[in-house]
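Residue numbering begins at 1 within each chain, and the chains themselves are lettered A, B, C and D in the order written.
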Amino acid sequence: MPTRRSVLLSSIGVLAAPGLAFAQPRAREVRVGMAQDALTLDPANHRNRETETIIRNMMDGVLTRDADMRIVPEIAESFRQVDAKTWEFRVRQGIRFHSGDALTAADIKFTFDRLVKDGAMGGQTSPRKGLLGPLEDTVMADDRTVRMVLSDPWPILPAMLPFQEVVNRRQVERVGQEGMQTRPDGCGPFKLAEWRRGEAVIMERFAEYYGGSTEIPVAGPAQIDRAIFRVMPENSARIAALLAGEVDIISELPASAMRQVEASRNAQVMKVNGTRTFFVSLNNAKAPFNDVRVRRALNHALDKAAIISRILAGTATPLRGVMSPDAFAFNPDIPEYAHDLARARALLAEAGVAQGTEMVIDTTAALKEIAEAIAALLSRTGLRVRAQIWEGAVLGPMWQNAERRRERDMFLTSWGNGALDPSDIMVPVLRTGGRGNSAGFSNAEVDRLLDAAETEADQGRRADMYKRAQAIVTEQAPWIFLWLPQDIYGVARRVQNWRPQADSRINLHRVRLA
Amino acid sequence: MSVSRLLERLLQTLPVLLGVSLIVFLMITLTPGDPVEIMLADSRATPEQAAQLRADLGLDRPLPERFLVFLGNALTGDFGISFFHRRPVWDVIAERLPATIELTLAAILLAIAVAIPLGVIAAVKRDTWIDRTLTAVSLFGVSLPGFWFGILLILLFAVQLGIFPVGGRTSFDLEVTRVTGFLVLDSIIAGRADALLAALRHLALPAITLGLPTAALLARVVRSSMAEVLTSDYVLFAEAKGLSHRRVLLRHALKNALIPVVTVAAIETGSLLGGNMIVETVFGWPGLGRLVVESIFARNYPLVQAAVLLYAVTYVMLNFTADLLYTALNPKVRL
Amino acid sequence: MSGALLQVRGLRTVFPTRRGPVAAADGVDLEIAAGEALGVVGESGSGKSVTFLSVLGLLRPPGRIEAGEILFDGRDLRRLPRGALRALRGRQMALAMQDALSALNPAFTIGQQLIETLQAHGLAKDARAQAAAALTRVGIPAAAERLDDYPHQFSGGMRQRAMIAISLAARPRLLVADEPTTALDVTLRAQVLDLLDDLREQDGLALALITHDLAVVAERCPRVMVMYAGQVVETGPTTEVVASPRHPYTRGLLESLPRLEDPDRPLHPIPGQVPDLARLDGGCRFRNRCAMAQPACMGPTPLVDLGQGRASRCLRAVEVTP
Amino acid sequence: MSATIAEDAPVSPLRLGLDRFAGNRTALVAAALIMLFILAALAAPLIAPHDPADADLFRRLQPPAWQEGGDWAFPLGCDSLGRDMLSRLLYGARVSLMVAALVIGIAAVIGTLAGLAAGYLRGWTDTLISRLVDTLLGFPYLVFAIGLMAMMGPGLHNIVLVLIYKEWVFSCRVVRGETLAAREQDYVEAARALGCGTRHIMLREILPNVLSPVLVVATFRMAYVIIMEASLSFLGLGVQPPTPSWGSMVSDGREHLVDAWWVSTLPGLAILALVLSINLASQGLRDAFDPRLHQA
């Protein structure tokens, strides 16, 4: 039960009716509390994390990742890299779609053509085209093998495939593009029972499921009868549902609610290192941020440890640079900008930044508390820093356009690295002209290293290049480096054989109930 | 209601609908933030892909043309494709509409059921401590931010006492065939008592949160209207005829006192319909309100335009019904 | 005087206000016999309506009867339980009001409001027929068809008649008519007053005709009672009171009344205003406007019996010359 | 003859109304509370024990003084960034009251003038204004506010502007109704007969009579506006940090309702107290000045 000290509730003097929680009859069913409903059930037609999580339980991909983020074959039995620009996949036999149709190499070719070719979706192009980079064509070598041909080398292709689910080409013919939005026919562990718009996606166990990836233990059909992804946008309501036993798993559990969930009888907290790097992007083109001493001073000024311990309750790993410790080619020997207020003031004075200079941290409402904490801590240097809340639809595009961000100072944001590979984060965010390069950082050496690494086949040499690039970035400090937060989940104690994954997928295939 | 009066009323609504669609069109298209940029937020889309998507969605054409296209289609009931759901806007709205209407009706009925007794007692016992306490209690309703009160109710009745569910429209192990889309009605049609109970239990907290401010407003209208009627000659005359106090109160006084209440209730239903976004968000209620707010933040133009037009039409219809009710209840005003 | 249908002794009705309790009716005595018409005259605020509202038990809170006896047919209404008093209303005592449009509920038809009265007293055997008969009795043509009309569909005169029909539906023995003709023009006024006279003769109805119009009382009521600032200041047979008033206020009222036989006589309005009822002392309440006032008037001025059914509250009653 | 009887002194409706208002104890207490709020808001810089923006993460979610772990230096405890709740409530009062007063004030003026024009001039002015009123009323309030806020960007001045766009409609509707009624009154006929100009009649004759209903509408709408500001904060469009407003404080603190109830509840109670007193005071005003409820 929630701690006795919740004075508000007892002070209301609520009549002490025993908590007669209406125990709904519990079929073997797991409910997940989501912040948002799926936008569509057509895997090729969205760019949304919640939609991805929901669809992934009904549809499998050519490859998948295990709980430790290792890339393993799923629909493909095996895969190999033929040359720098070609990959080959052998299709597992005996896989059936929910409609009963057999899955063949033709379905895989159809799926990736539909994703990559322009106008392939009833005259419109799939919004996911960008996720597959230089993939040009998918060829059927024979009825059991498929080859993906790229326009130029792209080492992280396998890392991007787990997010592309295979569709049944006959289903598209049957229901058409519009029908695909609401009537999916996947080959995943669950099949769609009902989609109550805006409320819940209800899935039933697919008995004839081929079992999924053999490299992840306990292959075979799902072990629960139903999986329900329930939409509850408000954090407090989602937590309340977990505590009241109405949902079994909730994502995005605020750090402040961890103690309450841990203390509860029927739920516990589970954490996993996330893949999203948080940073305060400094407008390198605008004085005083064009002076590296100022950027370093700000890194020294911010007491990251205080925020991590007090606000995030220790659920984040402080970062010295851009990469996550779990990622490929992480450089552990980068020097740290230790919290040193005196040094920060000295550097600011040296750079000629007057006391009381006004600076603004732009961010969205979701990060308001963190932004205000950072502003307060940075203000200890004598600068007057404040946070400004913007609407997401306005802020992101504004900071991606050099002209529109000319007047801005700082931007608290983050960048996901689901592939845990520098190419998926350093290129868009730190290479000159990268679409996520809100800081406007431009360093010839870093650009050279990143471009070379893109096409370098030897993983060892590729890793060295990325490590040298990370060292330069940290030394130039285009950002205030923050942390890598853990993804925090509230999980009912009765849920077993499930733990959160870094790529924030909630895969209920192998879940069991106590 | 003579036909000419009917036509005149309908003609009056056209400028309103035109005005509303113009405002919403201008408001959302002039708002900074471009849906295409949002849709391709952190993808690797090249500028050509962005331009292609913009053309697909028809965003590259000049403003006046887009507005006329919107109006033309709206007349034929085609509201275009929702950017993010990639499905006809009308389908997306139609799926979420019953939930919003059911919640709004539950809220307004609850408000009326609370407001009339509260208002009558306050009027009969005017200027006594009962009147002042009831007025304070009813004002209590209008003085609370909806989301705060909603979360409080959830923590109290759902978590602590477990009497009511935290949110959503019904429990998942119940399957009711969809006839009207209104769960309460469908449960009754299907004769399923368990489904009806589940639907009502899920409706309770959101309806209370949404309905309370309106209950406060209506209680005040009932109080002042009833107080006025009680000082009228015909109430004195009715008592002089020897009718029982209760009969005078409930038959003679209440019938006249409720005339203004009904019209206010009809108009309030309109504002409730358009104002339940916050409650729908807090209770995870799959209504249109929440969808519209999410669509504005995502700059989903076609959906917002269609939804706002729908609200305007409903408002105009409710205003119209308010007039009809006023004349029906009020023999003196025969149009 | 036995045989009086209604006897009121020392009635005192008080309304608490912020400026202190106000005795709207202070020590009122009156009697009405069956079939008799008593004219009750006074300016507005003189307490004439409050007196009879107290009799009918229709006082609106916070007003309440502080003292006095109200005997109706020998029974003191103040000791009756609320239910018994309510049963009397409409059945034994009835009220007719000034404007029928506001006295009749706009949301119900005349028929409904009439039948309702019958039902309330268990007299409704053949309701619609009885209702039609009641309307015919007050002179409304084609009564049966008019039953389903709403009050606003009646003309002024007809509506007033309908209201009277409703008041008398249960054949009460006393009718309190509060300014029944004030809202009507002269021609209709006469018709309504004739109607009331006929009903009085036919049914032996006792009538309390409350009005500020002395002319109506002079013409229609054998006895008159003049009230001022909550007190009865003069009472007696109308002809004698008009001929030789025994209270300066009554004389003042008469002087401000145009006379048929002496049309060009100058009219003298009474100077000054009614005193503030919250700040009164024991003395004569008219003295601040009375030409004959003298120091003694500051002392108590009881209602003195002058013989032949006449009484006056003025110490110099006999000296009052017409 | 010394007239010891005090005559009923002639009393103007205003004094009668005020006198009756004074008699209504609840309304008096409410009015006093409002004064207190206004004073607290104005004197915030003097009486606030701390700078509302001074954050210290080690005081995060520190309970009020009377609970264990509380500290009398921060009598009402601290919020999620360790800022003093009492100081933020005082400064928050400024924002909430200013938003309410500005919005209702300006909206009432615009609404009254528009209502007068529509009600008195009739003709195309009336149609134009009435259709505009209908159009704005037809627009769901929150969608209107969010849309405009999204267009103009979050911030206090934008909130005030956005709320005014819609709020004037309510006073306009009331004034138009009252003007239509007043137009038929004899005193307006008389003024017209005397050759007074239209502007004179509207401003000198009709305006004084419509002020009482406008005042009542304004005070009731004030409660709605304060709540609306809180709703905008809930959607992330509220007032910009570090300026606190009661609405943003309630919204920001809502996730701590169980482990730190005071962060969200105190500003909620503050809104409740202010809105309740505004309503009770205006209810008192309405009863005091409404002739129909006080027949002789």
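One rule holds for everything that comes next: contacts are C-beta pairs under 8 Å (C-beta built on N, C-alpha and C of every residue); 3 or more make two chains touch, one makes a residue touch a chain.
Values in this document were obtained by computation on a predicted structure and should not be read as measured data.
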item	value
Number of steps on the shortest touching-chain route linking chain A and chain C	2
Length of the shortest touching-chain route, chain A through to chain D	1
Chain whose averaged C-alpha position falls nearest the assembly-wide average	B
B-D or B-C, whichever has more C-beta pairs in contact	B-D
Intercentroid distance (Cα basis), chain D paired with chain B, Å	24
Centre-of-Cα separation between chain C and chain B, whole angstrom	54
Centroid distance [mean C-alpha coordinates] between chain D and chain C, Å	49
Intercentroid distance (Cα basis), chain B paired with chain A, Å	37
Set of chain C residues in contact with two or more other chains	none
Numbers and ranges of chain B residues touching at least 2 other chains	31-33, 147, 151, 155, 231, 281, 297
Where chain D touches two or more other chains, by residue	150, 153, 235, 254, 257-258
Touch list for chain B against partner chain A, complex	31-35, 37-46, 49, 52-53, 56, 84-88, 92, 95-96, 99, 147, 151, 154-156, 158-163, 165-169, 171-173, 201, 281-284, 286-287, 290-291, 294, 297-299
Chain B to chain D touching residues, read off their complex	12-13, 15-17, 19-20, 23-24, 27-28, 30-33, 127, 132, 135-136, 139-140, 142-148, 151-152, 155, 213, 220, 224, 227-228, 231, 270-271, 273-275, 277-278, 281, 289, 292-293, 296-297, 304, 307-308, 311-312, 315-316, 319
Complex interface listing, chain C residues touching chain B	56, 58, 60, 86-91, 94-95, 97, 99, 102-108, 116-117, 120-121, 150, 152, 163, 166-167, 169-170
Residues of chain D that touch chain A when the two form their complex	53-55, 57-58, 60-61, 67, 80-81, 150, 153-154, 235-238, 240-242, 252, 254-259, 261, 265
Contacting residues of chain D [partner chain B, same complex]	24, 26, 131-132, 134-135, 137-144, 146-148, 150-151, 153, 223-224, 227, 230-231, 234-235, 247, 250-251, 254, 257-258, 264, 268, 271-272, 275-276, 279-280, 283, 286-287, 290, 292-293, 295
